[in-house]
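Here the structure comes first, spelled out in structure tokens, and everything after it is commentary.
By letter and in written order, the chains are A, B, C and D; residue numbering begins at 1 in each of them.
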Amino acid sequence: MIIQFNTRAPVYIQVVDYFKKKMALGELQAGEEMPSRRELATELKINPNTVQKAFKEMEEQQLITTERNRPSRVTTDEHVLKRIRTELVDEAVAVFVESIQELDVTMDELVDKIKRQYGEGNINDRSTGS
Amino acid sequence: MNLLKLLGWEVERATKPYLILITLLVVAQFAWLGFFLWSETNMYEEIRRTGTPDYVLTFANYLGGTPFILSIGVAVAAMVFFSFWIWYRDFQGRGTFMMRLLLMPQKRMIVFGAKLVTMMLMILGLFSVQWIALKLQYIAFSSWLDSQMIPVGGSFEQAIRFDGALSPMYPASFVNFLIHQVLIVLVILFIFAFVLIERSLWQRTLWSPIIAILMLGALIAVPVTAFFFLESRLFMDEMMVVVGLGLMGWMSVTVWLSRLYLTKKLSV
Amino acid sequence: MIEVLGVKKRYRKKQVIEEVSFTAQKGEITCLIGLNGTGKSTILKGIMGLTPFDQGTVLVDGKPIDLNRVAFVPDHSTFPIHFTIEQCEAFMRDFYPKFDPKLFARLVDEFKLFPEDKLNELSKGTLAKVNLALGIAQDPDYLLLDEPFSGIDVFSKEQIVELFSSDIMEDRGVLITTHEIEDIEYLVDKAVMLNRGRIVREFDVEDVRFIHGKSIVDVMREEYGA
Amino acid sequence: MKRMWNVAALGAVIVIGLGTFAFDMRDTKAEWDLAVTTNPEVWKDQTVNLYYNTEEGEKERFEVTIDQSQVTTDLNYIEQALAYDDEVDSSVRDFYRQLSGLSFVQSIQTPDGYIGIGQDGNKEIAVFRLNGQDVTKQIFGTDVNGASELMDSPWAGLFVRAGNVHVIYRDGYGENPVTKIAMIDEGAKQIKIETVKLQDEAISSVTGTSWAFRPYVATIDADNRFIPVSMTEQTSVTEGGETYLSEQEKAGLHAYDVETKQVVELMPDGDMWNATVYEDQLIALQEGGTELVVDLKTGKQSTRQVIDGSVGTTSYVGDQLYHARPTKEGAVIDVYQDGKAISSAVVKATNDEAKALLPSTQFYVE
């Protein structure tokens, strides 16, 4: 588990984003146990306080649920998980559209190209943050 | 208890140079004794051949030889040097052990105490080695000359008593011995106080050794001046009391100064 | 909480620390940042009473410092170089009442140290690990580290960084000095920036990222113009 | 604990060394006892000194009184101070304290108290008197005629006449010394100097004058006509072609006659053992145990037989003659006054250590 952090963005938000992606991709299933905060801090080599803050943020966004003295779990609320997926797709498309608009490509050409490249699987599926 | 433990560490750290020093002293003295007896025997044979020798050897002749006096001088110098070094050693290099000692969650004076006791043990140890070595040297001396039929004059005690360098080692009574030890402690205390003052100021000014010397110099000079003023005005017994009080005063002031600098001002 | 209040220090003719005040919280990692020779080490040594400040006070949880509760890890060994790691441990056990041999054994294991090694045979990185292990095994509430990463190899750095996010450091307050912030960018809760003997910035790292979108290095660049 | 072995080993070396040292030190254990047979009054403040000497030069000294026996050799610093404290009577302490700063102090005890002189560097001469507790000091600076000369010269001793202190001194060192007498007139603040007519002779000391601090000195009357003195004479010796002067003690008893201003010989030669000046008498013990008594006011001489045996040591304390004769167990000490035996005591070696010292021990009463 490696995250390439951006030094200019709050680390805890980057951690939240990282988990959102995992949930959206189904790498973390609904109701699955989250890694412990301590493990995560050691693995990511970041401050445990930051992890704590990230977990708190995820709880507030209802991505995970925490009961007393239990490991946190991914939410079982399908709406939330769907919303994450939508959010991520929307974000990615927004970025994509913004950069493609600069190239002045027609919609048809674009759709055509997407279809072709998508079909070949020639896509970079690096799990990176923004 | 902590003092004892630290004493163990200090002694262990001093063991190697100390053993080298003792070996050096003993080997040098016995080598010199061997040479002395060999040359004296030869000379005596020479005289015996030419006439009647009216020549008596004493143990003092051996003690008066330069190598013997030199060996005592080396021992004294080594102990004076070590009184400085036992502190400066811990300030050496980047890896200063003094830092470790000062960081100990213990009273800092145990460091002082351990170093003082270590010095005293080492000095008493040297005394002891010398006492034993001298006795053995005398036995070797007299039995060799007896076997060579060379007359020996004077006793061991006589030779010792008239030797300026050795007489402080053989005081007339046990009380005097203790008093001599107190004087030795005082010398060490002055050296310790010097080091602690110097080490407390060294980061502030380049003159720290000079300031330390001036401070201690004043501490020595003032009572000594008073002593000369009083000397002609007091009787011997009264003078002894004054000297006794003066020594006690010096001891308390040096310990007090050392304590002040060690606990409040020392810089690593 | 370690409170440093209005401390000053002069060396020879140079005022190394003009006037410095800051705090370091328990359970947080506070980083004292400054270019070389700005008096970072002097401040740590001053807090520990190794080079007394000329003025000012240092309080730990409102009281004068108790060496049982605060440990200092300098950037060099404090033991004679011919000592073995075992001997260092023996010394610590003798005179540091809270020294925890089990914790030390665990650290020796994690750092892959060999107790019979002599200090002068160790690489800089290994030596740094030994120092750190000796410091942490004192089980202190606060740990002060002077330049723990300077001049050591990448793997040792990584091991040390991992240690900071592990349970061993849980609940301890850490005050760390460094001039290379990159190594611990993501570890630090709070940064205190020092320039010309004064504190120029004292900030919560995540706050600055969140509000200003700036990294610690960005802030350093602003302050030091480098 | 491993480290403690180093300390223990060092400690062991020290203990062994101290043992060797203690063996060499060997404190003397000899004990003596003084038992008075007749007239114990005499012995109340008296001390018998025992000297043990051997050819090897090992010396031990003991002081035996009716109360105790103690070693006085190799006293430690504290014992020395205490012994001194014992010796110096507190009544004279104040007196001598006022003399501090003076050097070359000489004094005599007269029936009126101590009288003496001393000098402060080369600046002044002080005459001091102790009457009871009061000390009076008279200063003679270099402005007083003769003071400088007196300060530059070695003094032989003092006597008192007509209330004035007289100093007999020697003018000049080395060859052809001149003996002079300085009369220090305190009333007129003057020093009057007279030369004593002597040929190749000089007065070296005045009997009874104390050169340093000594408690319990005998009392000497003022206004004695004869002042007993010791003389030296110079003879020229030629040896290997070189001639030089040799100065030696002159045998016999001499006294300076204040009226004729000459030195007279009281007794030509003879083997004299001890002599003392007490009030107005000079008592000298001669070989054979005869006491010669000279009346210093008139010069009249008389003799009396005191000691029959001649073995032993004698000494005078005041006008009492102590005669110690060694016996198998120690010594018998007889005391004589005015030619008559007044007391007797026995010193005994009370343990084996003391008995071992006996053959080479000498006894004195001082």
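The rule is short, and it goes like this: a contact is a pair of C-beta atoms (placed from the backbone, for glycine too) under 8 Å apart; a residue touches a chain by one contact, two chains touch by 3 or more.
By chain, with names taken from UniProt: A = GntR family transcriptional regulator; C = Multidrug ABC transporter ATP-binding protein.
All of these numbers come straight from a predicted model, not from anything done at the bench.
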Chain labels contacting chain B and also chain C: none
Closest chain to global C-alpha mean, per-chain Cα centroids: B
A-C compared against B-D, more contacting pairs: B-D
Between chain A and chain D, centroid-to-centroid distance (C-alpha), Å: 115
Separation of chain C from chain D, taking each centre as the mean of its C-alpha atoms, in whole Å: 80
Centroid spacing, where centroids are CA-atom means, of chain A and chain C in whole angstrom: 35
Euclidean distance of C-alpha centroids - chain B vs chain D, Å: 41
Multi-chain contact sites of chain B, meaning residues that touch two or more partners: 5, 9
Chain contact topology (line, ring, star, complete or other): line
Which chain pairs touch, all of them: A-C, B-C, B-D
In the complex, chain B residues that touch chain C: 2, 5-6, 9, 13, 93-97, 99-100, 102-106, 203-206, 264-268
In the complex, chain C residues that touch chain B: 10-12, 45, 48-52, 66-68, 71-72, 74, 76-81, 91, 94-98, 119
For the chain C and chain A complex, residues of the former touching the latter: 27-29, 158, 161-162, 164-167, 170, 185-189, 206, 209-210, 213-218
Chain B - residues contacting chain D, complex: 4-5, 7-9, 11-12, 15, 121-122, 124-125, 127-132, 135, 154-158, 160, 170-177, 179, 232-237, 240-241
Chain C contact footprint on chain A (complex, rising order): 5, 7-13, 38, 41-42, 44-50, 53
